[in-house]
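The next part holds the structures, each set out as structure tokens.
Below, chain A partners chain B and then partners chain C, in two separate complexes.
Take a look at the complex of A and B:
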């Protein structure tokens, strides 16, 4: 697919490449600086989650054109340990690693549309969309 | 015998080798070949190969070390050098076949010899490249570490830490260490952390900043976060990060003014 590009997340520096990719695509699509910051921060959170919890995975950035709207879709795919209680991770302040616990609920607030699928032992698949306004 | 042949036909081998390299080259490789120094270095590579087969070990080692150092500094791509050696082996073999030096009874031996020295040269060159890369990376790492968390005393009791670029776990650790050491060393009352140059403030970066501020509080100083750009402020709010425990200012200027006020001083214009 032409509209999609991916970055493999294996070490901490890959988070920067993923962010860079996201920022470039966002700029290209015409997002303003605030939305660019939102998108790159969301990528940063998702990529860091992959690095911290799954060890490795992928971040994909996709350009979306739907019903005359333009958007950017983030995909975060890993085959790590998965998440047992999805409701719990979406609560503010919940963290298993001593962090702030604002990552996933934060991403949901930063983006317009947020979807998470995860099953223990199989991995996690997160899709989030930001629409251009 | 192989050696003698190569020494005698050096010129022909060199020309044929150059031709073949030019034939199947892409853009990066063409750039290398077009370099005016290429012929000199190309010749040297062939000479080096001859030294290698002739078994003059000491001389070879001395020369090859110089040579690969120069090649590395010229910035020839490794894959080009490896390919060039491969082609050289092919050329020598083909030329020997053409001149009927290779007959069925000695073919296996010549092949074996050629392969043997090609392999050895290859691994040496790859090794030299790797060593030079590793050295570069190690040096850059040191340079980065020196740049990563500088602490600058600006007024008595006021210290500034400007942060530029991404903050990873390693750097966060250094920020914390330098902050605490510096606060004690400079007897700072207020420390300003400037994040104008930090491109993304996600929960991890925020977490590290909060921890650093808490630690600074513990050693008896105050911590102020300055240089928060508007888009960063908005993402921090969306993320739901609570920075209320830290004093924040949008620019370094207002931060310094506030810090002076906190230490009961201010900047006034000279009269007259």
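Take a look at the complex of A and C:
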């Protein structure tokens, strides 16, 4: 796909590259500074999860044009251990009490749309969208 | 104008005023604005952004690119605070929901476990039971029967709160379903012991005291499953002694047998039953001494039984700075003179 670019997450520095990619696309699409910061914070959280818990995976950024709306889609794909209880990681306060899945509910709140799929042993696939207002 | 635009124009006004006169008045306006913004769930990064935009607009020369760019760092830091703030808001909401649910559950429990204190010509009975949290892990129950006797059960689940309360509801229904002819103290405990042993996990234990007061010949027969020892007040000598009782806690060993004890009650004598929440009332100096408890009862001994238990509770509550550490139950049965 032309309008999708990805960054492999293997070490901590890759988190910075993923943020940079996300910020460039967000700027290009016309997001304001506050939304840029929100999008990069969401990218940081997801990339950090890959780095800390999955070992490796990738962050992809996609430009979206749908029904006259412009948006940015953020994908986080890994082939790590996966998440057994999705309901639990989507609960506020879970990540702070230790354990995996840092701040997924927070990422969901920073974005406009959020979907997560995960199978134990196969990995996790997260898609989130922010629309330009 | 939507709220964000209003906020921005109000912020501009306050900032302009402050830069003109550096007055406390303007700062106070700023504080009021923040309250308004918090009510509307405006995250902190939004405020930083407003500040930066207005500064750039008001001082296009002085607020140069460098100054503006420095705000990128502040914005980034504040997004993380906003992140935490939104989580906090949501947790607060969840906490409120849980609290409401607990209050409803506590009311349901009150109805389920409710018991009426019997009114008997020859007896004066008082009882109080106060949970440390919302739900009560102590339980007491009075039963009157046609042989002119009053039976009393008092039980305490080790632990408190919701798990203890759930467990108590089971005890209550197990007891209600016992047939009339099996309501002697030892049989009640032996039956309940089997129910608890089969239905409750190994980490939960229940202590229980069951006694029957035969009003016709003023004999109190009782048995105890590891429950906090009761006290006996001898009116004639004005002294207290312990009601001796031995027995294993409920739920430990399936075939436990309980021993029956009897005590003759003279006019003015009192039987005092309690949960360990009474004896383990804690002050800064440690557990209260038994002498202190006895002194409290003695101080109120001229009153009706219900007033004695209430006054003792009030005093112990005060001694503990109004923070109960365990569920508190105190019951007094007195033979009228």
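Just so we're on the same page, the second predicted complex is superposed on the first by the 126 of 133 C-alpha atoms of A that agree within 3 Å, B and C clash if a C-alpha of one lies under 4 Å from a C-alpha of the other, contacts with A are read in each partner's own complex, and residues count from 1 in each chain.
Here, a residue touches a chain if its C-beta (ideal position, glycine included) is under 8 Å from a C-beta of that chain, and two chains touch if they have at least 3 such contacts.
The shown structure was predicted, so the numbers you read here are calculated from the model rather than taken from an experiment.
Following the overlay on chain A, a clash is recorded for the pair chain B and chain C.
Touch criterion met: A:110 reaches chain B and chain C at once.
Residue contacts after overlaying the shared chain place A:92 against chain B and chain C alike. Applying the stated contact rule after C-alpha superposition, one finds that A:84 touches neither chain B nor chain C. By the touch criterion defined above, A:12 lies against chain B but remains apart from chain C after alignment on the C-alpha atoms of chain A.
Of the two partner chains placed around the shared chain by superposition, chain B is the only one that A:48 touches, whereas chain C remains out of contact.
Within the superposed three-chain model, A:37 lies in touch with chain B and with chain C [touch as defined at top]. Contact with neither chain B nor chain C is seen for A:69 once the two complexes are overlaid on the shared chain. Only one of the stretches 75-83, 165-173 or 273-281 belonging to chain C has C-alpha atoms clashing with chain B in the superposition, and it is 75-83. Residue overlap on chain A between the chain B contacts of one complex and the chain C contacts of the other covers 33-34, 37-38, 40-41, 92, 103, 105-106, 109-110.
Taken in their complex, chain A has these residues touching chain B: 12-13, 15-16, 19, 33-34, 36-38, 40-41, 44-45, 48, 92, 99-103, 105-106, 109-110.
Contact residues of chain B toward chain A in the complex are 166, 168-169, 199-204, 206-207, 210, 230-232, 234-235, 238-241.
Those residues of chain C lying in contact with chain A across their complex are 45-46, 49, 52, 72, 75-76, 79-80, 83, 86-87, 90-91, 94. In the complex of the two chains, the chain A residues touching chain C come out as 32-34, 37-38, 40-41, 92-93, 96, 103, 105-106, 109-110.
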